[in-house]
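Following are the structures in question.
One chain, chain A, appears in both complexes that follow, with chain B as partner in the first and chain C in the second.
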Partner chain A sequence: MTKKATVEELKTIGKSVLTDIKNVDIPKLVIPMRSTSNLVFDKNNSCYVLGNKTLIRSGGNIRHIKKLAQFLKVAAFCKDLVKGEKRHVTKRELYYISESWGPNLKFNEQPESDDIIEDIEASLSKPSEDIKIIPNPKGAIYGNITLRFKNPKGETMVINCLNTADGQQIGPRTAEAEFVKTDADKVIAIETGGMYNRLIEENAHEKFNAILINLGGQASRSTRRIIKRLNEELKLPVYLFVDSDPFGMHIAMVIKSGSAKSAHINKRLATPPAQWLGVTASDIIQYKLKTDKMRDLDIKRIKELQNDPRYKNNKRLQKELTIWLKLGKKAEQQALLKYGFKFVVEKYLPEKFRELKAPGFR
Partner chain B sequence: MNEEKNAEYFAKQQKEISVSEFFEKNKHLLGFDNPTKALLMIVKEGVDNSLDACEEAGILPNIEVKLKNIKNNIFRVSVKDNGPGIVKNQIPKIFGKLLYGSKFHRLRQSRGQQGIGISAAVLYAQLTTGNPIKIWSRTSKKSKVHYFELFIDSTKNEPEVVKEESIEIKKFPAGHGTLIELDVSGRYRKSQGVKEYLKETAIANPFAKIVFHAPDGEKMVFSRSVDRLPKQPKEINPHPHGIELGILIRMLKNTKAKTVASFLKNEFSSVGTKSANEICKLAKIKKTLSPKNFTRTDVENLLRGMQQVNVQRPPLDCLSPIGSKELKKSLEKHYPDAETIVTLTREPSVYRGNPFQIEVGIVYGVGKKESQIKIMRFANRVPLLYQAGAGAVVEAVKNIGWKRYGLQQSGNNLPTGPMVLVVHMASSWVPFISESKEAISTYPDIIKEIKLAVQTCARDLKIFINKKQKAKREEKRLHIFENYFPLILESASQLAEEEPNDLKAPMELLLKKIGKKIGEENDKKSNS
Partner chain C sequence: MTKKATVEELKTIGKSVLTDIKNVDIPKLVIPMRSTSNLVFDKNNSCYVLGNKTLIRSGGNIRHIKKLAQFLKVAAFCKDLVKGEKRHVTKRELYYISESWGPNLKFNEQPESDDIIEDIEASLSKPSEDIKIIPNPKGAIYGNITLRFKNPKGETMVINCLNTADGQQIGPRTAEAEFVKTDADKVIAIETGGMYNRLIEENAHEKFNAILINLGGQASRSTRRIIKRLNEELKLPVYLFVDSDPFGMHIAMVIKSGSAKSAHINKRLATPPAQWLGVTASDIIQYKLKTDKMRDLDIKRIKELQNDPRYKNNKRLQKELTIWLKLGKKAEQQALLKYGFKFVVEKYLPEKFRELKAPGFR
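Showing the complex of A and B:
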């Protein structure tokens, strides 16, 4: 079981330090380096992963010793969380919990504790959720899918996501829930809460036989994790419905290929087969959408994306990036409402599904 | 008004201003400007005389100073030494005649240059309390103790002996010595004045033992840190470049020389036949002119010639510095808690024809870190306690960039730090900025020498401060490791689910190993 394996891996780290001390050797930890110089593009999975470079946290180095001690303290704290099963802790919470660890171990700013968590993730090659450190729950899932999970009391719960008001919030327990049953044949992941709500109210889930996921902007790890599992375990194709601007595109791309920041765990989070549905740059022209002028930052971002190895060979994306640059304009998902509430489910999405040869539209 | 009477009258008036009257009116000039300082001056005259007497006789001085408050503001001051004693018939003249034995014609490094003389102390006593000075003196075990009580007849400037006898009294264990006792009005302050003066005197005279009984019952013993007397300073003739008009006039008046050339040759240093002729040529005076026949103009011309002539510098072996080693020993004794002590005696130098020599001591690690450094000034081994902000020493110290030497300094102020700076000027003639003789004149040659001496010491201090900071850094670093290792052991044990207790001993060994490593790294850094 992974839980037991995680505990064992953590114990091994502790033991290596104790052995060093026993032998009167300076204790040290070897941790995969997370800096950009150690990012490698994994062509097979088309995402960034960490290379072979490592860094050493040595107990003999004045600049390392605090981080070494904090690493061990956080690791020990998380090991107990894993064994305890019940609790998850957010990064912010951990930062505040450290207040009780005394002046030498406590974190002065959250980036310090986040950094240690990422070191532990990298050492274990596991996302922090595995050691019970979770991001703030963000994102929701709605549609005809039945999930089984344990609630914080340890009781087994079974729910169908249709039997919720606004969808099931995706936290650490939902992300790892067992998929019991679903009739859906696709997943639509939506950038904004507004459009997600629109699709629920317009009955998109039934109409397209789809599971709807609210990303709420940049997707949280739990959300990315459940999208990956839906794709991998249930073989459901994933469609990414985002704003028509480079940032919307980037949100889509992080779900597809992972982020640089989580390179050490991208393999567990990225969903390479996921497809960018729109809103595309061409859609702006085709549907004469209301636009905003691109800012310098948007332009800069497009140029970066044009050179990003993850998107370099994707002709469709490259074409759309060029159109954006030419237009100098961007549009939000909500711009589609110019044609009424139903337009998006009756016209826009069906056309997109046909174009992308989605199940039910072939 | 009668014209004749007028001139005569005033001339007479001027003559009749008595010494005591002058003294009364000019107390401040002579250092008696306030009661605290007055008490100090009395002690100072007594102690300076005792030290000079012992030194000249080759005796290691034992000096005992007692202050007793006999009634409001009235103190009985007694100073006893183990010096050679004073011959009976000399006693009244030494104590009862102002300016007796004055040293106008001899140039010699001596304490006496700086006071107004013990007779002024006697006068001050009789002016403020009406009591005579009491003197006990013994020259050898074979003779009896001479006892005197005397006043100064201030109109005649002559001693007025009140009582005189030869007695058997066991006051001098060495068999010789002098004891004086004066009743004066004054004020005793614990923090300044007499006590500080005696302490500093002990520092600059490490061969002397000084015992002090304060009026509040406190007894202080400054024991000697050196058991050898300094070499005796030699008397030298004045140098032509260092002479002043008044002194030249007096010398001309008193000389036995028949011609100006022989006067110059005999009574000045560094002047031979050639130089004497050269001076006369420059002064446009016949070298055969008799000193007795000099007019005022002749004297002025002669002085100019003396200043212009190119002659050798005066002999420099006439000085008697404290000595770098001796000063260090002395400071170590007085500041046992000092972190480091650096001392230096410079080679002798010359200002305006006067040989002088600068000595410096730096005591680091005493006093408050945040306050300005303490400066101790000495002239011919005598502490200068007043006018602390004036004179060549302060001028020189302010003009040094102290930051370079590891001390704080804002602008051209005195630096800040836990430091005492000792500066001693030994000279056959110390120039003071005023008659009260409390600060050394700011001649560029003197400032330059002081600056060089202080800077040399400060360089050594800087090396020490660097070392200290390095050690502090090392300690700080080790402290961090000492803080974190137990935490690492604890967390790692918790993580591994093992008992930490067996590992405490290896952890201590590990910390020692790291401590050693830190030291080596630090050495490497400072070597590279």
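Showing the complex of A and C:
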């Protein structure tokens, strides 16, 4: 069981400190360093990871003692959450919960507790969700997939997402749910709720044998995790359907390669085989889409992405960045509606799936 | 059937123009004026409504012709949507769909199409959702309520929201669903996803016999509609649980009284009997909550609200605004977590329900 393993790992941290104390050594923690000086770009997975540098929080250093104690307190608190199986807390909740831990342990500002959470993530090489620290519920999943989960009373429940009216909101129980059964052979993750609804209403889930995910803009970590799980556990290819602008492209890239900020856990959050489906810059030309003029911010972003290592060795992405820059224009995914409701499922997506060699479209 | 009535109302608009043409009169539309000069404050319902001023779009005025034609085109398009029963469009989709209507009818910028939609809303005194124009799916509903809805294939489906893992996302099918059965005797609408998850995990829906709604910040119109329907159709009292700051209070007020911007349909969107539960300014003192200093923006907002007619005659709200101003501090709903996980369901909410005379707490 993963949960048991997590509890053991948390216990091991505590035990090492206990051993130090019993041996009359100065207690200390060795933690992977998360500063930019320890960021390494993993070319194989095309994502940032941490290097080998570590930092030591030592009980012998007066400036370390508080953080050392807070690390242990949060780790112990999370160990109980994992064992309890019922509760999850947001980062913000954890910050307020610390109010009851007394003046020596409580956090004065939320960045302090967030920092400790990331230290624990880095120490375990596990995202905070594994120790029951979660983001706000956001986004949704729809399609023919049956999930098994425990409700708050601990009862086992089963739901097929096709039986919901507008999809199952993605919160902690959905993100952790067991995948019981699916006939789907792919996942389509969609940037806007509007296009997500369009695909539901055009029956895209059935037509393409797909699970549909509403990202609701930038994907939350729970959403990124369920996408990764669908890809890893069920071997489903993942297609990322976003606006035709550098920000949309980057929403796709964060799902695919993670972010620099989460380098310490990218390998557990990112889905490297996920593919950016579009809307591409070329699509603007090919489909004569209605465009908006790029803002300075868009152009600045494109220039950053051109030099970003995640984009650097990818010819397709580089080409598209260049086209945007030349056009000076961007488009929203809804712009495809100029050809009517059905165009996106009858023409656009099939063509994309053929291009990307999706199952059923080779 | 409401749908039939809506189709008839839309047809009536078209017929009046046809009659003008047949009589060789200049075709025209008479539309309620939505400018601030026609805003009236309805003291009984404590919300803004439109006065009696109207404007005329006349085929005899060269500057009116395009808007007149666009109004009719959008109305006809929506009539087909209502009859079709399957599809809903977002405002943004409608804007792009107009690309296929030719150079005389298509919209150049989205504010133009949004404006026409609001004219139609005002003409029908119905929110755009009644003519199938919807916001992006957002927020969620959880608890013991059974919904009946049609899936995109037109099949009738039934779901009890208690059978979902993290709640049913609120999209068009949820907002329109028939309420089949509920044992709940109240609705709690919650500002943050984090607190919504807390209430699920503390079993608040069972303990308080409540339907829980995740607003996800400012409530979307679909969410405001389902809240109104739960209140009107099922006679369930509604409690609004938000952050302790003027912006949280105003999230509650918009659900209760609508916004000035939607004066033309407030009566169809607002839920006047809904009650602001808290977190109040007094709660900060009573529960010694951890606070943040107010920003200039918060203070400016409080001063605006003190003079807003929706707040003016409400002693309770005025008192709370004064307390915030005196404190110079605000608090988040998660601040209640300083007393542990259970406090919010074991102490805070019961005390609030007693104060507000909720069912089961008199």
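Here is the rule we go by: the second predicted complex is superposed on the first by the 360 of 362 C-alpha atoms of A that agree within 3 Å, B and C clash if a C-alpha of one lies under 4 Å from a C-alpha of the other, contacts with A are read in each partner's own complex, and residues count from 1 in each chain.
The definition used in the following text is that a residue touches a chain if its C-beta (ideal position, glycine included) is under 8 Å from a C-beta of that chain, and two chains touch if they have at least 3 such contacts.
Just so it is clear, the structure is predicted and the values come from calculations on it, not from any experiment.
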item: Which of chain B and chain C A:60 touches, first, second, both or neither; value: first
item: Partner chain(s) touched by A:76 [first = chain B, second = chain C, both, neither]; value: first
item: Which superposed partner A:260 touches (first chain B, second chain C, both, neither); value: neither
item: Which superposed partner A:15 touches (first chain B, second chain C, both, neither); value: first
item: Contact breadth on chain A, by residue count: chain C or chain B; value: C
item: Touching partner for A:153 - first (chain B), second (chain C), both, neither; value: second
item: Contacts of A:323 with chain B and chain C, given as first, second, both or neither; value: neither
item: First, second, both or neither for A:140, with chain B first and chain C second; value: second
item: Chain A partner contacts - residues on chain C that touch it in the complex; value: 86-90, 92-93, 95-97, 99-100, 134-138, 140, 147, 149, 151-153, 157, 159, 162-174, 177, 192-194, 196-198, 200-203, 206, 214, 216, 290, 332, 334-341
item: Touching residues on chain B, where the partner in the complex is chain A; value: 477, 480-481, 483-485, 487-489, 491-498, 502-503, 506-507, 509-510, 513-514, 517
item: Complex contact set, residues of chain A against chain B; value: 10-11, 13-15, 17-18, 21-27, 59-60, 62, 65-66, 68-69, 72-73, 75-76, 79, 102, 104-105
